[in-house]
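In the two assemblies presented below, chain A is common to both, partnered first by chain B and then by chain C.
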Partner chain A sequence: MHDQNQILGYQPGTSFIYQLNATTKLIFMLLVSAACMITYDTRFLLAICVFSIILFKEAQIKWSQISFIVKFIVAFMILNLIFVYLFQPTYGQEIYHSRSIIIHAGYFTLTIQEVFYLFNLLLKYICSIPIVLLFLLTTNPSQFAASLNKIGISYNISYAVALALRYIPDIQNSYWAISAAQQARGNELSKKAKLSQRIKGTLNIIMPLIFSSLERIDTISTAMQLRRFGSKKKRTWYVARSFKKEDYWVMGLSVLSILIVILLWQLNHGRFYNPFM
Partner chain B sequence: MKKQGLSVKNVVAIGIGSAIYVILARFTSIPTPIPNTNIELVFPFLALFAAIYGAKVGFAVGFIGHTLSDFIMYGQTWWSWVLATGVLGLIIGLACKKLDLKNGIFGIKQILLFSITQIIANIIAWIIVTPIGDIIIYSEPVNKVFVQGISATLSNGITILIVGTLLLKAYAGTKIKKGSLRKED
Partner chain C sequence: MTEPIITFKNFSFKYDSQAFPTLQDINLTINRGEKILIAGPSGSGKSTIGRCINGLIPNIDTGTITGECLINGKNIKETDLFDLSFTTSTILQDTDSQFIGLTVGEDIAFALENDCRPQNKIRQTVHRWADKLEISDLLKQAPQSLSGGQKQTVALAGVLIDESPIMLFDEPLANLDPASGMKTMALIDQIQKELNATVIIIEHRLEEVLSQPIDRVVLVNDGKIIADKSPNDLLHQNKLEDIGVRSPLYLTALTKAGVDLDAIPDLTSIKALPDDEKIGQKLQKWADDASLTSKKEEKQPLLELKGVGHRYNHLQVNPLRDVTATINKGDFVSIVGQNGAGKTTLCRLICGFIPNEGKILFDDDDLSQYSIKQISEKIGYVMQDPNQMISQKMIFDEVALGLCLRGYSKDEIKDKVFKTLKICGLYPYRHWPISALSFGQKKRVTIAAILVLEPDVIILDEPTAGQDWKTYTEIMSFLKKLNEQGKTIMIITHDMYLMMEYTNRSLAFADGKLIADTEPIRLLTEKSLIKKASLKRTSLYDLAHKYNLRDPNYFVRAYVDSERTSQNA
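Let's look at the complex of A and B:
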């Protein structure tokens, strides 16, 4: 039961970021992470990295709120970088069209270009994470659904997302309740059990979870139908808020980041910034 | 009564399905003796939902569920993998229209149809959609992404083949067979 609460979610607070409109935050997150996804320009990625860490400080989020997730991410990134290196140690020199060897080792010859490429990949992975974490921690799920609707996604889908966020804690609770019940009946799920036993044990949790949820779907959809959900083309949101001056500033900033990426693409003749030429 | 787009039931199914997806993706990934390969029991669940509620719900549960679980677990999404999960749900949903699950029928013929389509769906999702996305979005080395795709196809394909079939069989068992009621003489 130790990792029950290790899921990120909204936590109320009062700092500047909480005051922003959810739509603004969503647009900012989407545009900036899209910008980070497109470009491989080291300077831009570094700038975003520094910027998002400053934002993080500004939001007054405690380390304990995010420590487990950061460890998870770091482990995953290191593994991925090792794989990229193992599969094609020459990838860096192909991208940057030059070759300066650090360590001679046959197939695994390490070049500065490869290290530089891996460094860029690492930056790319980490630079948007603080922004996304901030968004998750500071945005109320209902406001999130309202903002999805506002950027043009149909309200049916927005409402489905809101439902998902609303029911994650509930389903998590039933999952652990069923798990405890099964363990009380002698169902071994820990690392000590054999693989086949663990699969069978987990299935014993999943089956009741799914079938009780199917009933839940029937109940909820009947309740929504009785309240005439989906009968009109549009829907208003109780939590929707209007834009303030700060919101326009933040949105301007996110558009600016996309413009910079387009400019850098022109300057670098492509995605990669090449200091070796 | 029937309108275009999503019915209320589909909306709820997408919402609850995505929530279950997040929980299963977080808690039911079982490590195998093969390094870096996990048995993801979330995919058989996705196959079941796609088979019950159809292609639209299958796609949306895969897409939204995977996006949310990536965001919540890693603080970041791998869009190429998210899209592939959606495609997996979509294809299984489309093919399972032919199954008569709601009437409690899931015999040898249906099992074969389900198994073949899910293997095709896995191949399209992990060997076509994901690697192309990884190359375009992240420009990772070609051989790395294809090896990843093939191993994902194998592990997810086998998991869905065994566990998915079990789940569908169990679901069909809860439904009343068509024509099972007879008028008393």
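Let's look at the complex of A and C:
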């Protein structure tokens, strides 16, 4: 067992978000993320951004729980933005049909329009990542499976997804245990070691991790079959919950977000909001 | 009225992955309502018999069947796994990895969910069984957070809801502390009586299983049934130890004292032994004749723990705290106590894997200044699961890993690794891939990999869990040898016999606190300690008590001493 505060997985809580039905949360996540994916309307994105950060606060999730994954995503996001810029620095001016130069640099000439476009991209990340993380951290995996099943996905797949989610903390724990054992053997993995050495050392953890995980999967799937998992076309769920008033509200909100996006599309004559014209 | 529910007729089975049949010509009939113990060493085929009864053979484990096996009238060749699961309920050995639900309630409900029963019906049934087994207040907890005994009860509830006529227990005692083990056996007995179910227990710990009445014992060795008798007849026959199944301690003690077992009508429990003064006299005489080899050694402190503790998170109910103890050079220490009492945490603290609230001194040197790597040169830690330690394909490479990473020269590495492999009895296998080894051998590879770094202290987390007596003896006598060569050894264990016979000192934990630091024998004879640490009193003590021996403690000591010397011989 490792410090629980560093575990990326569901932990029971009491705030409003935990009380919602998993199906509601799933629909909310899917619709709102879809809305954010479609539109480039800065006003809408900013609103959702503020909203999702408020939600995050509301859920009382600790930074230590998500720091690793957030750092990872931020690094990936920055990389992505840089590449978008490198491949087509003129994309911004094409979309917004105007050109206000900040820095003259030949091919890499930076325009306000490009910066604005990249800013919108960044906003999209900031909108959807907290919502997805929030969903993962506040949804009981079994209820998640039940809700996936409810929206029409086969229960085999639903359960597999839920189990996978559930084993993230377990695998994290084994990873730490194995990592400690490897360090005890002399495999320096702390910051003292060179990066190449650390990567090589990490490979030594992966193998035992895979083997011990495979063994667990084998045991659990046997245990499941012995209790007739997969014997029927359908199954019921002990944890499934019926919808409450709040659930309808939240679902209404998510549908509303899609409607707003459609409306904005009409107003903006496309996906982009153009403050330059 | 006896009505057979399980019949094996000239039954043989060969796994596709193996060259030779695992079961050969098995003939076995089990009647409805019987309680059967299937015993035998690891690899004897006893688990394979279990896998036929619950239908994993031939549905999941494919292979060749000859002969016939009927379970509740159904031929296993023609029955699918799901059908058979209504007949046979199985409780797997490692309850931890068999829990499917996130909460206790969900886990109990799992089979009913799969039967597509309506949610309100499921809830009713779950509550009914939870009430019956007195686990209602646990329904919302995560199964992993429970104690070993509670886990076993939850697993039991999860299959009882099927109300199947056959219940199959695969090594139910392997992961339990002794007190929980006894409770589980009593619970199984109670349930069986209530439901009139057929119960099959696969175990190699005979003495513990026989603490409750058993109808028959089926002894399996090398894929054949070598005995199918009432426990009493089997104990009279005295063939157990030949095949690596330990017979009850009190019987070994009686034999040592020269008591004729054949003349005793019922051997199945101490209670059943006759109140015969002559037996008492013989035992007393034997104890009086025994001279204790007392070794007075100089004690030189090696590892000092001062106020050691660790809290995983603020939710943890009984974190390990305030442990103060001194381990001396050459000690052989056992660390005992309930599941979750903090035993493993302590070992991880010592090795520097997790932060420590107190202070640890090694040879008067504060360990907090060292990295995990540096500590490991003084203190080696062998994890419970060898699969979590092994990272190389070949035995040589695995053992050499620590040396390679420390930059030793090739010749030095070869020299040291070969020397270690010889000590561990693995030298003949040095060019083998690790995957070809048995569990016990893998365990030895992991010990060798630690040993090669020449630490002064070796800590082992349950080195014998789930091992049969033969492997157990192998591992333990190997460790004993190391101890005699001057290594300080610390072992986490649930095995009372191991603690008594091999270790010279015990640290007992309960709810995160060190509750005793004493001789092992005292832990097994003193009532208050036994209860607090979830142990079980040794049957030797009960035997001494029954025959009113003058000093039961002395008797136990004399027995252990004679065992130790006979091993050295």
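Here is the rule we go by: the second predicted complex is superposed on the first by the 227 of 277 C-alpha atoms of A that agree within 3 Å, B and C clash if a C-alpha of one lies under 4 Å from a C-alpha of the other, contacts with A are read in each partner's own complex, and residues count from 1 in each chain.
Keep in mind that, in the parts below, a contact is a pair of C-beta atoms (placed from the backbone, for glycine too) under 8 Å apart; a residue touches a chain by one contact, two chains touch by 3 or more.
Note that the coordinates shown come from a computational prediction; the quantities given were computed from them, not determined experimentally.
Bringing the complexes onto one copy of chain A puts chain B beside chain C with no clash. Residue contacts after overlaying the shared chain place A:I199 against chain B, while chain C stays out of touching range.
After overlaying the two complexes on the shared chain, residue contacts for A:F229 are found with chain B and with chain C alike. Of the two partner chains placed by superposition, chain B and chain C are both touched by A:I220. Of the two partner chains placed around the shared chain by superposition, chain C is the only one that A:A177 touches, whereas chain B remains out of contact.
Put chain B and chain C next to each other and count what each touches on chain A; the higher total goes to B.
Of the two partner chains placed around the shared chain by superposition, neither chain B nor chain C is touched by A:K25. In the superposition on chain A, A:Q88 contacts chain B only, with no contact to chain C. Once the two complexes are laid over each other on the shared chain, residue contacts for A:A240 go to chain C alone; chain B is not touched. Judged by the touch definition given at the top, the superposed model places A:K150 against neither chain B nor chain C. After superposing both complexes on chain A, the closest C-alpha pair between chain B and chain C lies 6 Å apart.
Residues 166, 205, 207, 211, 216, 220, 224-225, 229-230 of chain A touch chain B in one complex and chain C in the other.
Against chain A, the residues of chain B that register as touching in their complex are 3, 5-9, 11-20, 22-24, 26-28, 30, 32-33, 36, 39, 41, 45, 48, 52, 60, 64-65, 68, 71-76, 79, 137-144, 147-148, 163, 166-167, 170-171, 174. Residues 7-9, 33, 37, 40, 69, 72-73, 76, 79, 83-84, 87-88, 91, 95, 121, 124-125, 128-130, 132-133, 136, 154, 156-157, 159-168, 170-172, 175, 195, 198-199, 202-203, 205-207, 209-211, 213-214, 216-218, 220-221, 224-225, 229-230, 271 of chain A touch chain B in their complex.
Contacts from chain A toward chain C in the complex involve residues 1-5, 140-142, 166, 174, 177-178, 180-188, 190, 192, 204-205, 207-208, 211-212, 215-216, 219-220, 222-232, 234-240. Against chain A, in their complex, chain C makes its touches with residues 54, 56, 60, 81-82, 85, 90, 92, 94, 97-98, 100-103, 105-106, 109-119, 122-123, 126, 158-159, 312-313, 315, 345, 348, 351, 353-354, 371-373, 375-376, 380-381, 383, 385, 387-391, 401-402, 405-406, 449, 453.
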